[in-house]
Amino acid sequence: MSTISLFVTGGTLDKQYNEISGELSYSSTSVYDIIKDSRTTLNIEIKKLMLVDSLEMSQTERKLVVTNCIASKNDTIIITHGTDTMIETARDIAFENIQKTIILTGAMIPYKVQKSDSVFNLATALSFVQTLKFGVYIVMNGHYFLWNDVRKNKKLGVFENL
Amino acid sequence: MSTISLFVTGGTLDKQYNEISGELSYSSTSVYDIIKDSRTTLNIEIKKLMLVDSLEMSQTERKLVVTNCIASKNDTIIITHGTDTMIETARDIAFENIQKTIILTGAMIPYKVQKSDSVFNLATALSFVQTLKFGVYIVMNGHYFLWNDVRKNKKLGVFENL
Amino acid sequence: MSTISLFVTGGTLDKQYNEISGELSYSSTSVYDIIKDSRTTLNIEIKKLMLVDSLEMSQTERKLVVTNCIASKNDTIIITHGTDTMIETARDIAFENIQKTIILTGAMIPYKVQKSDSVFNLATALSFVQTLKFGVYIVMNGHYFLWNDVRKNKKLGVFENL
Amino acid sequence: MSTISLFVTGGTLDKQYNEISGELSYSSTSVYDIIKDSRTTLNIEIKKLMLVDSLEMSQTERKLVVTNCIASKNDTIIITHGTDTMIETARDIAFENIQKTIILTGAMIPYKVQKSDSVFNLATALSFVQTLKFGVYIVMNGHYFLWNDVRKNKKLGVFENL
């Protein structure tokens, strides 16, 4: 059984409530908990690249995501990412023509908040990555989208085809 | 976009704690809540066939699952099912040679209990059903298994290939 | 059995994650859910006065809290309130010398966020209001404090005696 | 500030779902988690005496609860206990005429199950123990009851006066 690379970059999925400041911020990733509670027997290598709001992801950080996709010895890769610039990062990765199945996913509601879509989205990414052919995809709302045929409908808070 | 049939039969996923009797029993299915909270935009037709522990599923009930698979106008079908006889029902469905993608899934921990695998498993089933070719599958622990190449490891509480 | 007035003003307890804006805001109160899930058989009259961050509570709004305390026909009153100006509102109420037991409580973590202290704090307020003599109190962190012998330790995020 | 003894005996509060057997059983107590998440600054000494269904509590075990109440150096004591024989244990404790405030509490829904009343009930016990005079009490459903003026209404699943 092959191994899946799971790169963590933050996004809404990993936002946490800071009780002292009263604001949402980052302190650690919940991806380990999600994977543990799922009882999955998949081989998954989790690597935290950063914990940032994707609106504040720098070009250096975005480049780091791309180079990790290139360097990974696994040909199935999932990236957790903020939804606001997920497609931008997908495009940068696609530009490299990497012969791997690479999926970007995230959440509209933080994992730590009730009724979060985090577990659902990560689960769908882990499934699609096993069956889709090489390419770069966005997986959200139960669908997979090719990186160049998707947009975020900011009014409805869902991803949809162009 | 095609529609996915989602047949509910009960199993651990839908077990609820009855505070008067102090026992686990069935009163309603949580599948509607799971789908709603997932924010999925997939077309899903949910149909509750029964709410039973799969160890107590009668031959009449099992037959009902099979006939619903045959009768469905959708060629992608997911069945929530208790894990103990999930493979038995899969075999009965496979015997019919239905030209559809049919997935049985369930949970080791009820949805209403902390750290349940229900959302994860249903999410993976909803993904695999979109990409796997016609056939009958078990989807558990992040994997898809052909109905005739899987067993439940009762000691570990996980599904694995033969 | 006498009736307890429960006045809702918002505060951190009722902050919700807005998935479209990505920010914390108010849409409805969770107090009804908390009371229902508690299985309490107390007589509680819930009245939503407002849903505001206590740092943004206007003098008109604060006055509304005071007049509701005066007008209530019940002599046991609980007010859910943001922690930042909870003591300020308590002082305004105390100034009126109302012959009732009046408790202000709230939360450091919103009810909708994992590991919230909302249920705990509301439960303690509902208990203390039954046994404390007339006066104005802050109930937080499992303690009751007289309104004029308490401060919020903003560094630790806990209430303590002066 | 005085210290509160918190004796754990099990009951519904601490029942957990065993995913291998598919049954409810005991493995550890959730009381530590409840206290931690509450952010209480009370001094609480937690002592696990046993983890049993109160219908199966032996006379030796019940005696152990009584002797711990007598031996405790704290004059405020809370006991988590199954609801079915909570009043029986309360009577045994009351027989000893201990000059302490002793409260028995529990839950109708296990802590690990959604919408549990565990946090609410433990919070109310922690409040009442600070203000009630010496005696033996049952605290459930937001009320405190004298040990000899309470019964469990098994049909409704609530405690009420005689």
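Just so it is clear, A, B, C and D label the chains in written order, and each chain counts residues from 1 on its own.
Keep in mind that, in the parts below, a residue touches a chain if its C-beta (ideal position, glycine included) is under 8 Å from a C-beta of that chain, and two chains touch if they have at least 3 such contacts.
Just so we're clear, the structure is a prediction, and the values are computed from it rather than from any experiment.
When each chain is reduced to the average of its Cα atoms, D sits farthest from subunit A. Separating the CA-averaged centres of subunit B and subunit D is a span of 39 Å. One inter-chain figure worth recording: subunit B and subunit C are separated by 44 Å, centre to centre, where each centre is the mean of the chain's CA atoms.
Here the CA centre of subunit C is 26 Å from the CA centre of subunit D.
Within subunit B, contacts with two or more other chains are made by residues 108, 157.
In this structure, the chains touch in the following pairs: A-B, A-C, B-D, C-D. Within the complex, the subunit D residues that touch subunit C are 34, 37-42, 108, 115-117, 119-121, 123-124, 126-128, 130-132, 139, 141-144, 157-158, 160. Of all residues in subunit A, those touching subunit C in their complex are 12, 17, 19-20, 22-24, 108-110, 112-114, 154-155, 157.
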